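What follows are several structures.
Here chain A shows up in two complexes: once beside chain B, once beside chain C.
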Partner chain A sequence: MSATTTPELTLPPKPRNIRQRVLVATGFLLFTIATCIPAIGGITLDIAALIRNWNNGAGLLLQLFTPDFTFLPRTIGPMIETLQMALVGAVGAAIVSVPLTLWAATPTNPNSITRQAVRTVINVIRAIPDLVYATVLVAMLGVGALPGVLTLFLFNVGVVVKLVSEAIDSADHAYMEAGRAAGGSQLQINRVTALPQAWPLFANQWLYALELNVRISAILGIVGAGGIGRLIDERRAFFAYDDVSVIILQILVVVVLIEFVSHALRRRLT
Partner chain B sequence: MAAETQPNSRAEGQRPEAEDTSSASGSWPITLDNVGVTYPNGTVALSDVSLTIAPGEMVAIVGLSGSGKSTLIRTINGLVSATTGTVTVGPHTVNGLTGRQLRQVRGHIGMIFQGFNLADRASVYRNVMVGRFSHTPSYRTLLGITTPHDRELALRSLNSVGMLDKVWTRAGQLSGGQKQRVAIARALTQEPSVMLADEPVASLDPPTAHAVMNDLRRINNESGLTVVINIHLMDLARTYTTRLIGLRDGRLVYDGPAADATDRDFEEIYGRPIQPDDQLGS
Partner chain C sequence: MSGPVGVLHPPVRRRRTAATVWAVVVGGVVVAATAGLQIDWRELGQLPAELLRFGTLMFTDPDWERLPRALFEMWRSISMAWIGAILCVVLSIPLGILAARGVGPRWVRLPLRGIFAVIRAVPEVIIALLLLTVTGLTPLTGALALGIAGIGTQAKWVYETIESAEEGTSEAVRAAGGTTAEVARWALWPAVAPALMSFALYRFEINIRTSAVLGLVGAGGVGSMLANYTNFRAWDTVGMLLIVVIVATMIIDAISGAIRRRIMQGPAVNPGRRLVARGGKH
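What follows is the complex of A and B.
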């Protein structure tokens, strides 16, 4: 009906690459299947075990679903230790992250040699998984909160410096030309103008790091690095899954609370 | 009142710094001698430009975008270094200077920009304190220590452009005209001997543009500061400046009193007939 008033649109031919897509999809599928065939070096997936051990698993699940809340008082101390570790690690990293970030970003550090050096160190720190730090540090420093805090610190430095320096790289820095024209050194320009400009970026990542820390430090105790994780490990060893269930619920509540607060704060940073 | 006290505070302020003897006497001349700039990508932005600007002159550099006027003004404070020729500002030869010496000379040359170049998240006060960089040791800046003298200079500069009541406002919350005023205050806080302006009104609406040009003329009149303004709009150049320098394709094609420049002269500089947007109107 409207065809009478509007002339028909002529489209350029749509590129046809169905054959290519089918080929790629099939390739991925075959590769995935191949990784599950032990005969050619794939992993062993014994799906039958799921059914064979079902009785075991059901009993465990039943225990998990009937938390023993009389255990709750014993979790308070370790949970507070976990929160303390998370905070100390995040604050320490926040302090160290400021100069490192400014050294790692191109606008705030035009010297490519020092910039690449800092970036390389940060990338190495980031490449090592947190549980590896925890395991090694526990071996070096002994069981306790210190190796946990150091793990979180290193992890946070990696995250904050990487993300904030990349954000600084992609931002607009017209004010720097004015600082240079006024005879300022890079240090002065960074301190007086670049830092206030980057402040919300920093605050955002610091809060995010704190959020991550609460989650991670719950696990770190399993390798002996202090906090609530140590209690999980202990109760699990006694097959007291009703106690483990209490701890898991508690971690869930605390993590949700921290994330809620952190989100609310971060939304106010514009 | 601010106008009377400013020259006094300037003379006092310079005394403690021994190397500043020349700026205490006020305004500096600018001399370009066969200056050429070729960018690393091979673009020739300026070729063989020679001119002398006397202390206290108010000069407009006119030309289309791409004519090299942005490059020319940046050779004066070394933001762009001349590939050939010599740039002399006051007692200093700018080209060839690096590091601390270059920063010292830049400290005497104020500059404002088309895009204002303020740190939007920092307060007006902090932005104006940028003008004290070259007079402040790095450790003081790092620790955030400001001297009463620097503070006084910053506040007086803000007062002279009518922005004192916005001193604690974030720069990003200001209007375009207010931002350019803060940028002028930032340059004045340097106690400059030369003031450069790169298309200072190109991002402003007509009334604000006139207000900013008035500010620049007042600075020139009251403190006898050498002012060099890059400007595309011919009526503003005629009204507010006393000398016109025309650039086309990186070459100097006109140099004469601004009032005498005819429309024909402008067409010669632009290399095309005059168009409606070559004038601001009022």
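What follows is the complex of A and C.
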């Protein structure tokens, strides 16, 4: 066209894979459409009903922003119970998690049958949501803190064993060969070489589990498993949203505090 | 003793008085917490027997006749999770981009981050529960609640990903005269898109669990069915439902995990062969 002095750039062709893109897009669309078909269980996109309900309920939401702090003293007891549950569940899980983790990691357990067995159990434990445990355990053991603590325990065992065993799996284990070369049994090798290496990993995840527990134990009471969630459920049933708001603020403060402390501790560990 | 090889002694351990004191303090707190809970710890002795009893009630003869209904409800939960994930991602990507350092102005960034932090600190279920009382208990509102409750974490991932993207490409586009929009399209987006897609799928995995929980408080789906049959003490149906939940969750985790790995690591073909093939084209 015009007489330019610089030669025109020849760009390399873009690596495009149209067929793959179309495939991904159709897959996405089909799945999304399938989730919106009520006949097979998908959800009904009824926006009108949503707006109608919103008009009815907006007042409640407004109430949420005017917390009634005279309610605060009544929340202290349940909050302490919540924290106790969180701690006891985390500690119980911490104790159990050590042998289970060593069983679930390849370097510390060369026997693939027992390793797979432990991993499968852990994956099954992890597949069930926390409140589902709580619901079933409450039905089994009755309302109270025990089902709550057990729920937290199971949940924490799942988290800690999974994350720490994966961390052990992906680490380099030259030092363990030294133990093997010295003629140590697997137990001795784990005790003397793997465990000292894994303590920081464990401590990190234990603290993380404790953080998670504080959040979860705050809601366990909704299904009757003790703690401050019971109070939330009660006040919500009375439509006392100004009280609910106080409880949520309190949970917020406690969660942030625990996370702050836990982060500080974890930074010191690493 | 008298042999040529002496007994090896490991080096003497350091004394750690402070650590011991801390251990005692933590131990004391734990004991106090255990004692303070109103739990009859003797029940713990009967617990294995009890769990075994209920386990046999639930799993020896699960009620497979209600399986179609359970699958229907499971799909409803999955739908809630999926629509909720889409909503969450659609909302959190622009918000997260605005909250990223170097993109949005300070007076937008800081309040946004504050809101994300607050949403993150409140358990998702509580946010969802509050929204559900306002919007009514339907699967659609469940999805809506999942979408909003997840924003706190999702948006944080978005702005952290953007901030950790390398500056080089952005600077190159800017140096070539690109506008902010062009920087976002040609430098930031290609760099962060895989991570964002991966996070989106991860949100779906999280939502699968949370949607079952929302069902427990009445939003519909497999959680509602589970809550009902638990209240009826219909243990064989509860057992069947738990199996459905576990299997469905594990399958979805496996598929979603495989897709995420594929997104983050690229196709699992021999890279050398691909180079040769592409070289041959032109």
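The rule is simple: the second predicted complex is superposed on the first by the 231 of 270 C-alpha atoms of A that agree within 3 Å, B and C clash if a C-alpha of one lies under 4 Å from a C-alpha of the other, contacts with A are read in each partner's own complex, and residues count from 1 in each chain.
Following the convention adopted for this analysis, a contact is a pair of C-beta atoms (placed from the backbone, for glycine too) under 8 Å apart; a residue touches a chain by one contact, two chains touch by 3 or more.
Just so it is clear, the structure is predicted and the values come from calculations on it, not from any experiment.
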Which superposed partner A:146 touches (first chain B, second chain C, both, neither): second
Which superposed partner A:49 touches (first chain B, second chain C, both, neither): second
Touching partner for A:193 - first (chain B), second (chain C), both, neither: first
Which superposed partner A:61 touches (first chain B, second chain C, both, neither): second
Which of chain B and chain C A:184 touches, first, second, both or neither: first
Chain A: partner with more touched residues, chain B or chain C: C
Which of chain B and chain C A:175 touches, first, second, both or neither: first
Chain B and chain C contact sites that coincide on chain A, given as residue numbers: none
Parts of chain C lying in touch with chain A, wherever the complex brings them together: 29-30, 33-34, 36-40, 43-44, 47, 50-51, 54, 71-76, 78-80, 82-83, 86, 118, 121-123, 125-126, 129-130, 133-136, 138-144, 209-210, 212-213, 216-217, 223, 226-227, 230-231, 233, 238, 242, 245-246, 249-250, 253, 278, 281-282
Contact footprint of chain C on chain A as seen in their complex: 13, 15, 31-32, 34-36, 40-46, 49-50, 53-54, 57-58, 60-61, 64, 80-81, 83-85, 87-88, 91, 123-124, 127-132, 135-136, 139-141, 144-146, 149-150, 215-216, 218-219, 222-223, 232, 236, 244, 248, 251-252, 255-256, 259
Touch list for chain A against partner chain B, complex: 174-185, 187-189, 191-194, 196-197, 199-200
Contacting residues of chain B [partner chain A, same complex]: 77, 79, 102-111, 113, 115-122, 126-127, 129-131, 133-134, 136, 138, 141-142, 144, 183, 186-187, 190, 196
